[in-house]
Structures are given as C-alpha cells and as structure tokens.
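By letter and in written order, the chains are A, B, C, D, E and F; residue numbering begins at 1 in each of them.
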Amino acid sequence: MTKTGDIRQSRTNLDIRNGQVNLSHGSGGRAMAQLIASIFVKHLDNELLRQGNDQALFNVEAGRMVMSTDSHVITPLFFPGGDIGSLAIHGTVNDVVMSGAKPLYLSAGFILEEGYPLAELEKIVISMAAAAKQAGTAVITGDTKVVERGKGDGVFINTCGIGVVPAGVNISGNRAQAGDAIILSGSIGDHGVAIMSSRENLQFATTIISDSASLHNLVADMLDVTKDIHCLRDPTRGGLATSLNELAAQSAVGMVIEEQKIPIKSAVRAACEILGLDPLYVANEGKLVCICPAEHAASILTTMQQNPLGKNAAIIGKVISDDNHFVQMNTAFGGQRIVDWLAGEQLPRIC
Amino acid sequence: MTKTGDIRQSRTNLDIRNGQVNLSHGSGGRAMAQLIASIFVKHLDNELLRQGNDQALFNVEAGRMVMSTDSHVITPLFFPGGDIGSLAIHGTVNDVVMSGAKPLYLSAGFILEEGYPLAELEKIVISMAAAAKQAGTAVITGDTKVVERGKGDGVFINTCGIGVVPAGVNISGNRAQAGDAIILSGSIGDHGVAIMSSRENLQFATTIISDSASLHNLVADMLDVTKDIHCLRDPTRGGLATSLNELAAQSAVGMVIEEQKIPIKSAVRAACEILGLDPLYVANEGKLVCICPAEHAASILTTMQQNPLGKNAAIIGKVISDDNHFVQMNTAFGGQRIVDWLAGEQLPRIC
Amino acid sequence: MKYIDEFREHSLAQQLANAIKQEADNNRTYRLMEFCGGHTHAIFRYGIQDLLPDNVEFIHGPGCPVCVLPMGRIDNAIELVEQHDVILCIYADLLRVPASLGKSLLKAKASGGDIRMIYSTQDALKIARDNPNREVVFFAIGFETTTPPTAVAIKQASEQGLKNFSIFCNHVLTPSAMQAILDAPEPVSIDGFLGPSHVSTIIGSQAYEIFAQHYLKPIVIAGFEPLDVMQSSLMLIRQLNTSRHQVENEYTRAVTRTGNVKAQSLMNEVFCLRDEFEWRGLGLIPKSALKLRANYAQFDAELRFQLPAIKASDVKGCECPAILRGAKRPVDCKLLGTVCTPENPMGSCMVSSEGACAAYWSYGRLRGARTNKLSA
Amino acid sequence: MKYIDEFREHSLAQQLANAIKQEADNNRTYRLMEFCGGHTHAIFRYGIQDLLPDNVEFIHGPGCPVCVLPMGRIDNAIELVEQHDVILCIYADLLRVPASLGKSLLKAKASGGDIRMIYSTQDALKIARDNPNREVVFFAIGFETTTPPTAVAIKQASEQGLKNFSIFCNHVLTPSAMQAILDAPEPVSIDGFLGPSHVSTIIGSQAYEIFAQHYLKPIVIAGFEPLDVMQSSLMLIRQLNTSRHQVENEYTRAVTRTGNVKAQSLMNEVFCLRDEFEWRGLGLIPKSALKLRANYAQFDAELRFQLPAIKASDVKGCECPAILRGAKRPVDCKLLGTVCTPENPMGSCMVSSEGACAAYWSYGRLRGARTNKLSA
Amino acid sequence: MCLAIPAKIIALDTSNDRATVTVDNVQVEVSLALVDDVVIGDYVLVHVGYALNKIDQDEALKTIALFAEAGLSWAS
Amino acid sequence: MCLAIPAKIIALDTSNDRATVTVDNVQVEVSLALVDDVVIGDYVLVHVGYALNKIDQDEALKTIALFAEAGLSWAS
C-alpha cells in the first residue's frame, strides 16, 4: 500500500464514483499504485505513510511495547454505528490499549474482492482515517490484495498495532486475584445486536447502534487514578461471558458476578429474547472489563463514569478463589448459575 | 489467537486428521480456543505468545524501528518450494529487512474458509513456525477468523512485522542517485513460474521451485560490507520491472539496465515464452535489488555471492539522471527499450 | 418487556419460594416432571432449584423436539445435502446435533453442503423462489407449537405452485410422549407434571385431561417464565397435598382449554398421523408424529428423495434415552463434561439449550460442584 | 531454447545491421509495413529500430486480431455475459479491450460476469462438459493461425454432442486485410511487406502471391524473432533495390508455399466465408471473415443468442483506425500517454502487447523521448 | 418447548396478513396466518415469525396477582 | 501475429492424438489434431495448446547460415 509509485505518468484518474475493484488493482502494477495513491494514501495520509517504502520507519524510546493484530471480516460492511473501517481501527487499538499501552502506530492489510465498488471502499478508508486520528494513532504502512469474485467477501481488513506501555503499569490476564473487583465499562451486546439487526435475513429493526469505539482515553483516565490495575479485556466475539472465562482461566481464579449489576439496554435484551440469544455472549466493540484491587474499585469507577465511554460503568462482581475457575452469576431472579464459555456460535434459536 | 483459554475443562481433542474448519472455530468460544491451542500456539510456541493476552508485551531499546505488513492470498496454498505459511513469514520479514532492519517480531492474522481441512492448516502453521525460526523471529500475537464457504479461499494470512534498524543505516527508496550501481541478488521469475506451473488450468510442468526465502542474513552480510547502501527492495508482485520503476520514481532518477546481466533460469525463460509473459514482470519472493554507490558495488557483490541466497547476484545496471524517470534496458539483442511499469496483470497471452 | 419482566420479578420469586417452602410437606418428596425443555432451561438459567426446598425435585422431561429426534433423521438430512445436493433450510438449533460417524449438519456445511439457517418458514419459501433450479428442503421439526407455521408454508407453496420446495417432516405430538412415559414398562416415579406451555397455546389444555383422569397425575399447564414455573410447582404441590389430579392452567394468559382452533384446523388440513415414529429415548410410539396428507404429498421430501429409514445407534455411553424418559439425570452420565461437552456433544441433550445435559452443564454445574456431585 | 535463441543472437544482429546499412540506398527511404503484431512486438521489444538506418522505416500493420476487432463485438460478448448469463471463455488478451461506455470484459468480470481465461480451446470444451447446466461460449478470435484450433473444438463438440457449447466467431482472414490496405481510397505509401509468419504456416506463402503480382509490392514472409525481422527487411531492401516484387520466404523453417493442408481442410470443413465483416480501421471488408457452416450452425452463439449487430463508435480522438491502416503512427495520437495508457486504454492498439500503441508506449517511448518527439 | 415471546402489534398489513410487532422498541415482522381478529395494541405470542395467538391481558394480571397472593398466603 | 513457439516432442499419446513437448525442460501437453506423422524428437510449432506444424530443421539451419552470410557479404 505504500507504493504510491509514479502515477504522474498516467494522467487519468481512478473512476471512484463508478469503478469497481478488478484484478489489475492487485497486480502490483500501475493500476494498483493508482488505487493506493487515490484512496489509501490520500485519506490515511501521514508523514510515515508518505515515506513510500515497503515498511515505515520511526523512532522509539527504550521501554516496553505491545503488539496486537485483528482481521476484520464483518457482514454487513456498513452497520448502524460504524463500518468495517472504523471497526478495524477500534478493534486493534483496543487490544493494544488493554495492556495499558498508549497506541503508537497501525498497519493495515486490505483483501479486496473483485467487483467491490471503489466508492464504498473510499468511504471505508475515510472512516478508518477518522477513527485512527481520533485514537491518536495513524496507519503508517499497508498492503492491498485483490481476490477473485467468490473468494472473498467485499473487504477484509487486517490491522496490526503497536503501543508503548507506561512505566509502572503491569496489566495481564493472569493477574486477577481473589478479592479483586470486576468493573464493566458499560452496557453489553450493543454491537452484536446492531450487526444482527442489519443482516437482511433477520427481519428485525432496532435503534441500537454499535458501541464500536477506541478505549484509549478511557484506559488513560483509569491509569491516572492508579497504575494498580490487574487485568483489562475488551469483551468482543463471545461477549462478556467469554472474556470473564478467559480471565478466570488465565489467572486460575473463580468469579461471582451479579446479573442485576450488568448494564444492558432494554432493546438489546428484547432483541436477544426474540432471537433466543443470551446477551452475555453477544459481541461488544467499545467496552472493557477491568479487574482491580477492591480498594481502587470505587475511585476507578467514578473516573470511568466521567468519560463518555464509561458513563454506565458498574462494578459487576468480584474475583474469588475456585479450583474450577467457574464464573458464577447471582441471577436477578435470586438464583445462581454458571456463566460458561460460549459453545458453538451465537445463532438465533427457536427453542 | 492468543486466547488459549481453559480448554482443560474439555478433555476431547481437536480431530486434526479428519476435521475441517467450521463456523464455531471463529466464534470466540471454546471451539476457537481449542483450535488456537492445538494448532497455532502449539507450533508457533514462544514465550511472548504464551502470555495469552490480546496483545504481546516485550522490551525495546531506544532507536529506529520499522513496521511492515502483507496479506497473503496465494493459489495454490502449497506450491513447489513453499506454501502460504512460509511465504507469509518471508514476505513480511523481507519487507522489514529491506530497510536494513533486523527483524524483531511478527503478528499473524488468519482468515480461514469454512471447510478447510485442519490437517492442511496444521501443515501451514508448522511451515510458518519453521520459517519464523529460521529468520530469527517469532509470531508473538495473532488472530483467527472463520468466513463462510464461498467468502474466502481456504486460508488467507496477514503478517505484520517490526524490526530494529542499526545505527548508521539509512536505506530508503528515495535515495538512489545518478551513478549508483544496481545489484540484483539472483535469478528472476522463479516464484511466479513455480506458482503458475502448479495451477491446474495451466498444463505445463517445470522443475522450477519458488525462491521464497527470508533475506535477513543476506542483508546483514551486505551491511557488514558497508552501511552506505541507498536502496533495497524485494521485487515481488510486478517483478523486477515494477521494483525498478518504483525506485526510479521515488528517487526521481532514471536507470539503465543490461538485459544480458539479468540472471534468469532457462526454464523460467522457456515458461515465459510459452505463456507469452515477460520475466521482468514475474514475481520473486527471495530476491532483492540493491542500489549503492558505485564504489561499493564490487565488494557488496562479492559478499552477496558468498551467501547462498546471493550466489547468482549480479550488477545489472546503473542509476542515471532522467527527468522521465525511465527504466531503460539495453537488450541482449543490441537495441534499447523502456522497461515500463506492469500494466494490467500478467496473464498468459496468445498474441 | 411487558408480559415478560413481570414474570421474572425477584421479590415475587422470594414470596413464592417461601410459600412453597411453607406448603411443601417435609415428610415427602415432590417429584415433578417439567415436560418442556423451555421449563428445563428456565429452571437452570434462573437458578430456580436454589429457591426450592430439597424435597421438591424437578425431573426433566422429553419436551425438546431437538432432543427426541432420532439420530437417523439427521443422517437423512445429511444425505439430502450430500447425495441430492439440495439447499437444506434449518432452524439453527439443529446445526450441532450429532449424526452418525461423528457427523453433524455443521460439519456437512463445512464440507460444502448448502445449508441455510432460517428464522421462519417464510424464509425457506423465499429461498425456494430465489433458486428455481435447486431443490430446497425445509427440515421441519417441532411440536404442535412449530407445526402450524410449517402448515402455512405448505399451503402457500401449493398455492404458488412451488415445484422445487419440499419438507422433511419431523413434527411430533406431545400427548403421545406423555403417554409413552406413563406407559413405560418400568415407569419413572413422577408425582405430577408441569404441562406444556406454547404447545398448549395451540392444542389447548384439554389435550391433557385424559392423562389426569386415566393416570391420576396432577398436571399444571405452566408458562416458561421462572415465576410461572414456581407458581405451577406450588399448584402441583397443593394438588398433591390434597390428593387431587386435575389439569390446572397457570398459563391462562396464553392458553385456553380449547387452544387455537384456526391453527388446529390448518394442521389438520395439511398433516395426518403417521402410524408410528421413533422418538429418541422413548422408542417407536404409535400415532405420535405427523406426515403430509396425500393431497400435499408432492411436498414430502421423504417421498421425493426416497429417503431410507435409518436405524442409527446412539453414541455408546450416552444416557440421552434414559434422561429423556426421566429415568436418569445428566450427572448419571459418565460422558458428561469429559467426552461430552457443548462444543463436542455426544447426544442431542447436550446440543439444544433446552436439553437437560446442556442446561445442567452450562448453568447448573455450579450446584453440582458445590454439592460435590461433580468435580470438573 | 532451440530454434529461438539462434534467432536472437546479438553478434549476428550486428552483422545484419551492418549489411542493411551497407545495402540500403541513402538516397531513398524504405517504408516497410510489418504486417503482424508479432513483428511490431519484436521491433519494439528488441529495439530493432535502433539497429537500422533512419531511412528504413517500419509501418505497423493491421496484423493483430485483437486490434482489428470492432468495439461492437466486445459489446456483444458483454451482452452474452450480462444478459444471457453464459460462461464466457476468452483468451486473456481480450480482457482489457475497451468496449462501449468505458466497459471491458475485465470490468464485466468484476461486476460478476462469469468470464474464464483459457489457454486452449480444449479448456473451453472441458468447462462446457463440467457445467452441463450452463451455456458456455468461447470467444473465438484470431487469424488463420488460431482458427484451426477452434475448428478442432467445434468438431469435437459435435462428436461429443455438447449441447451447451457454442462459439462467438470472430476469425478473420489476413489476405483480405492486405487487400483492403492496398485498395484503400487514399492508400498509404508502402514499399513492401513483411508478410505474416504463423498465419503463413497454415495458409502457405502462395496466398500472398497475388498481391506481389497485382500490386507490384515485394513481400517477404518473415519469422517473429528479431533476426528474422532484420533478415526479411534486408531481403525486402534487396528486392526494392533491384525493382523486384516477389513473394520471398524467410521463414522457411515453418512456412511452405502450400501451408498446412490438414489444417486448411479442417477450417474449410467447419467454416465458410461471411459476406462481409467489419474491421476496426479498415471498415467493412467483403469475404474477410469466417462463420460456421450450416451443418455446425447449432454451435454459433450469434444465432443461439440472437446477438445484434452493434455499431459502436470508437473513443473520440483515438487514432487506432488510421494506425491500423498504417496511415498514422502512435505518436500522432493526441491521447497517447495522457488519456490513453496501458492501464486505461482507449483503443485496442493500446491493449494487445502486439498493438502498435502498446508496443510504442511500453518499449519504444525511450526513442521518442530521446528524439523529443514526446515529452512524457 | 418452543421459544415464543409476547409482542405488541403496532401496524397491520392486512393485504398480506402480516403485522409489525414490537418488544421494547425492537420491531419484527410477523405473519398473522394463525390468528384472527387482532387489532393494533393487541399483544401476541410470536414464534418463528408467526403470531401464535393473542395474549389475554386480563389473565396476565390475574396470574401476577396470584403470585402475590401466594406470597401473602404465606405471609399471613 | 500469433504467439507460437518451437518445442520438441518427447512423448506421444497416439490414442488421444496428443503429445508432450518440451522447451528447455518445461513440459507442455499439446494436441496433434492439426499435424500428421510426427515422431518423438520432432520440433513442432506450438500455439494455444496445438502443434501447428513441424519445424523444418534443415531450413532452420539454412536460415541461420543466411544471417551469417549477410554479415559476410557486408564484411567482404
């Protein structure tokens, strides 16, 4: 993607309005260079990307870095509250940020299906650029591949991100300890329900929009309260239930959560009832789970609630010692149950 | 990919021998955790990957770093001389190395098509692991997505790499200067011809194998001779012609190359004649172009020739000043012509 | 959510729990079979058992259509996809049900089978209209609740002259299952039934009167919300305490004595009784399932594709049959949680979220661990 | 590569260049039309012009089947894909040829058209056999060289009873094109012809004797390797210097006077002459193209799909027609290199690597820049 | 047995015998092929895209009262 | 006009009227439907997967001699 090339020699413009991706846009030749220059470099523009090499070069200071990657394969590509472009930024920024790191730079790898409209691609890239800017980072290197029709699905975007971990921060999934508090940053299931509502084969309509967002500021605010945060995780695919089970397993602990404390929008609950889904397993893209020593929980919570992305944050439970590493839940109804890993996939049920 | 999860609770094993990727392997739940643990983490195993977080954490020293990404979408996935796994490592390592950097770490993002055999996937991952090890680097973080049949093509792999640039090294595509020598590290077109020969619809057979290889040692050897190398580029998609045109455009110079000096295997020439292709545009995956001050050319060349990956290296031409930024070639026949950018794609021709 | 949230009210749950504790006789046990998977699901999901005294015990019944489907029928469906290259439309619940040889529709799909998950029979009709050159088969499954929507689709297909559409019919009847349980050679000890909820919406509560009269078992038609389950349990306890055996209706907001006559006549128009049908766990039960009537027989995939009757053996060690009869509990199965888990189910009871094993494993295991019944 | 490398030998090139320099009369020009795109390609790719004196000038001829195809025929092919949903099998050379409204087969493919690139007519037959429920059309294009392989495929399709296979026939005849150039109202000044190479392999050199006799133009059948082109040029210069006008054969290793009789009779069995056919640049030429004979008419896609005759206008400003007649050179086109480039071709001459514009742009531009004919 | 949920009719499409229903502002299209005489404002029980029947709102209130009564009976 | 390349026959499949040919060890399958009487060792001109005709090896040598002669004629 960094090969802007000498398209000066060709004075014709890419017909973004009517054009479609075709095989020559992935050939490595001038058609690809033109696509890259007219859409990718144009909108993602920054000094490092403009170096125009196969890699981007930058200075770093001594310290601890993190690296994380996600590929994004969402259907539909545009959904209420976002699109694959912004999602590809948020998804990787959040994984970087869940270490407590400040995001530094991103790479982007596009796999385009022959026939995809260039105008739509441009919208996606504009959205990426805005999301990257908002997250205080930039796409500094990239790659473009084109696959034949029927061998892709419009647009896939891989992003990889690096970030710098501030001194004194030591966040990892294996650090939860019995007695720690579990804080959730906001309502669950918004992203998954927004996506499902925009799939043509499920005829239901909601006003729910995806929560897709970069959590860098929220995490920075939390670390301003104390560096003594044990775990952070963004409950994406598999939902809150999966993230809690991951953390319980990694830290070899159990957890008890309170169903009544878990923020959830009524429309999300309703959509889940209609489809036979459990909102605990429905995906989020702008939420985090924080596990911290109980003594910091209240002050972290207060700070989170002052950030727009954490305004519905709640302490939803606590870490216990349990050789089974169960995540158990006190139901709103007054009983108790396990919250297990997701089995299979979340599909609408009839029974 | 880093979510190994607590698969201990499920005592059944993934049926790698007979199994196929299905939608539950991309769900974020335990089936995915099991796939990741049984194939990805098992074979790519290293301490950072084992951190099991959504990101990998490592220490860096102050200095200059590079970042580069490539998605790999090759057909067929296994080809003479390699497979998508090794290629995904070589491709990104080489882009990192073309800055003169020492490769540090890699990420890997897999997009798997429903139905892909797990046994083949494991072969690919084993091949990746070997290639990463051989390149002195490691895959430290990753991601797995599953797409429905007909929305992917078996396996796509994105890799992103970071590397550290040694002090005093300053390599960039815009540094070619009139008078510089152009060195090519070996024969052209091997990868492209090997791939074409293994596509079922083109019924030709050769003994040519892909040149897919990591060039980290070769570049290190070259930098041992002198740090005063101006440009490095690996002529992949679009071939040698495209890389030279890119460098000419970036550096705002012209080039003259000698057709007779360009190493090419007779079978590659023959296959290109049969298919109506120009080998200058055929892809390589283990070659580099080096542009350096003429006074260093001979000693760099000698050193390259002592490395197995550079044993057929040759000085193929020189940089000139030319406002047109043409790459021109003195033909073996005695004439002259332009070597233009690739137009369209390299497809077998009848006329 | 109106008419939902009121029936999940925590404070009322506590009151009902106390009433049950109060009224349940400490000197006896109350073995109540919740007929439906919907009840099973509610019991585990809301932790109802935690609210009841130990002598009130739920016995999980066969009322999960996915669970009682014999494995051979999934084998048939896979044959439709693999041998006859049809587009198979299924409710997603079926995707992971084990078939013979470790297969499933999920794996058949991964292997290239054209299997589409639908939400409604209307979707299946649309797929048939959109693919006129393909055979489209709807895997019809369900009790009387789910049968009328299939009947509507068949009538529409007939009116629209849809030649490429057919159904693989697996609709079964709940009264037959209840009778089979009560008539079993070694019947399970059951004191009373929480009767079907949405099935009764269609067929009415009177369908169960014969059981109350003939077998002298109290039956309370019970809604699926947790307060419904608790209230119905209380009503059963009261009948048992007073030696009554009536059909009572707790779910009056959705169930009448006569049910939905329109839906019944639609079913009756399109379907007729099979002579017999195999139920997992209950074996061959006469007149327990439906097939298409002769005048709709052209929509019968079993005839169109000449599907064989497949006698598939369940996985060795899987206790689904006994569990579905109420004769065993999930914890009695040695495979539970070791070989058999939701991601690798050995039996259908582990697949459907209404299956007793899945409900136990996903929600109820905590109780097991706590009481050392199971060390995970 | 035996029988290739010997004909690209650098040292011999130098000798031949010196011979030409020696023998060419400084007081006149030699305007030699290389008939074939293969010659054009060789001239640019090897830089032959650099080796010849300035008064020996190549005029690029119409001998590129892709270049002379009128735009309306590509429109027809797109119609086959978009309206009739056929699998269209093409030689990859056709993929980027501009159609009306900025379309091309590349773009039609991107829009979802099922267009398959094949290497041989045998591949098209296989695709037809593998897709019995789809109509498969082979876009047959080419001069006499490429026609016999199409004839073989038609015979096989007939023998195999392949009902879903047909061809969209665009095979044209080189002698007709040569005649059209010579008969043009304002004929281009041409001193002699480098005659077709592989066409002559099939039809033999005698096909051109009438032109030498009637129009008094020397013709040398010339191979496609660069030494062939130089030697043939020398032979033409010698004929011109001695005022001869014969058909000479430089390409004796592959061309005889009578050609490949077996291939000719196959062509004759399957094809017959069209009354007339449109050539880009040359207009309607009578008896210049082939169609399927009546007994193979069932394989004619034009009949099967009732394709209309489309009269498409070339892009305004594109000089392809004049260039194909030899009346203009690529540098005479104002669009060259600005609007029209290989990645965005306006005319067919910029698409085929044998097209004069593409050859000039991709290989020959250097010479233009050097002589300031073009500032890029 | 089968998942069904009470939903309120907010629009009728009588020509197609279909309705739009809502559950807490989530809208779904359902078939009315199995029910007669529904009007806007009615609650219906929705299963696999079909309204199975009307919810009897009076009976719902009575049942809720019963729960309270059970509690009271004990409290008393 | 059309791309064709001399290749050597190394194997015949007479039942299918096909042959395997090589160019510098690159093997291709071709149809022999357009040529008669070819034997292993013959060079044929290959175009779109068909052998168009045999290369006359004597004539090839003569032509090469002609090139040299042209040079000589000048050198002389």
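Definition applied: a residue touches a chain if its C-beta (ideal position, glycine included) is under 8 Å from a C-beta of that chain, and two chains touch if they have at least 3 such contacts.
Everything numeric here is computed off the predicted structure, so don't read it as measured data.
Note on connectivity: the fewest chain-to-chain touch steps from chain D to chain E number 2.
The minimum number of touch steps linking chain C to chain D comes to 2.
Of all chains, the one whose mean C-alpha position sits at the greatest distance from that of chain E is F.
Work out the mean CA point of chain A and of chain F, and you get 61 Å between them. If you average the CA atoms of chain E and of chain F, the two centres end up 82 Å from each other. Distance from the chain C centre to the chain F centre is 74 Å, each centre being the mean of its Cα atoms. Distance from the chain C centre to the chain E centre is 21 Å, each centre being the mean of its Cα atoms. In chain C, the residues that touch at least two other chains are 1, 4, 14, 37-38, 64-65, 91, 96, 106, 119, 123, 142, 146, 341-343, 354, 376. In chain B, the residues that reach two or more other chains under the touch definition are 9, 23-24, 29-31, 203, 266, 269-270, 273, 276, 341, 343-344, 349-351. Shown for chain E are the residues that touch two or more other chains, namely 1-3, 5, 23-24, 47-49. Checking each pair of chains for touch leaves A-B, A-C, A-D, A-E, B-C, B-D, B-F, C-E, D-F.
Interface residues of chain B, counted against chain A in their complex, comprise 3, 5-6, 8-9, 23-24, 26-33, 51-73, 95-96, 98-99, 101, 105, 107-111, 140-143, 145, 147, 150-153, 156, 158, 160, 162-163, 165, 172-174, 233-234, 236-239, 242, 245-246, 248-250, 281, 283, 325, 341-346.
Within the complex, the chain C residues that touch chain B are 96, 102, 106-107, 109-112, 337-339, 341-344, 376. Residues 1-6, 8, 23-24, 31, 33-36, 43, 45, 47-50, 52-53, 55-57, 59-60, 62-64, 66-68, 70-75 of chain E are the ones that touch chain C when the two sit in their complex. Note for the complex: chain B touches chain D at residues 201-203, 260, 266, 269-270, 273, 275-276, 324, 326, 328, 331-338, 340-341, 343-344, 347-351.
Contact residues on chain D toward chain B in their complex (touch as defined above): 1, 4, 8, 10, 13-14, 17, 37-38, 44-51, 64-66, 91-93, 95-96, 106, 117-119, 123, 142, 146, 226, 341-343, 352-354, 358, 361-367, 369, 376.
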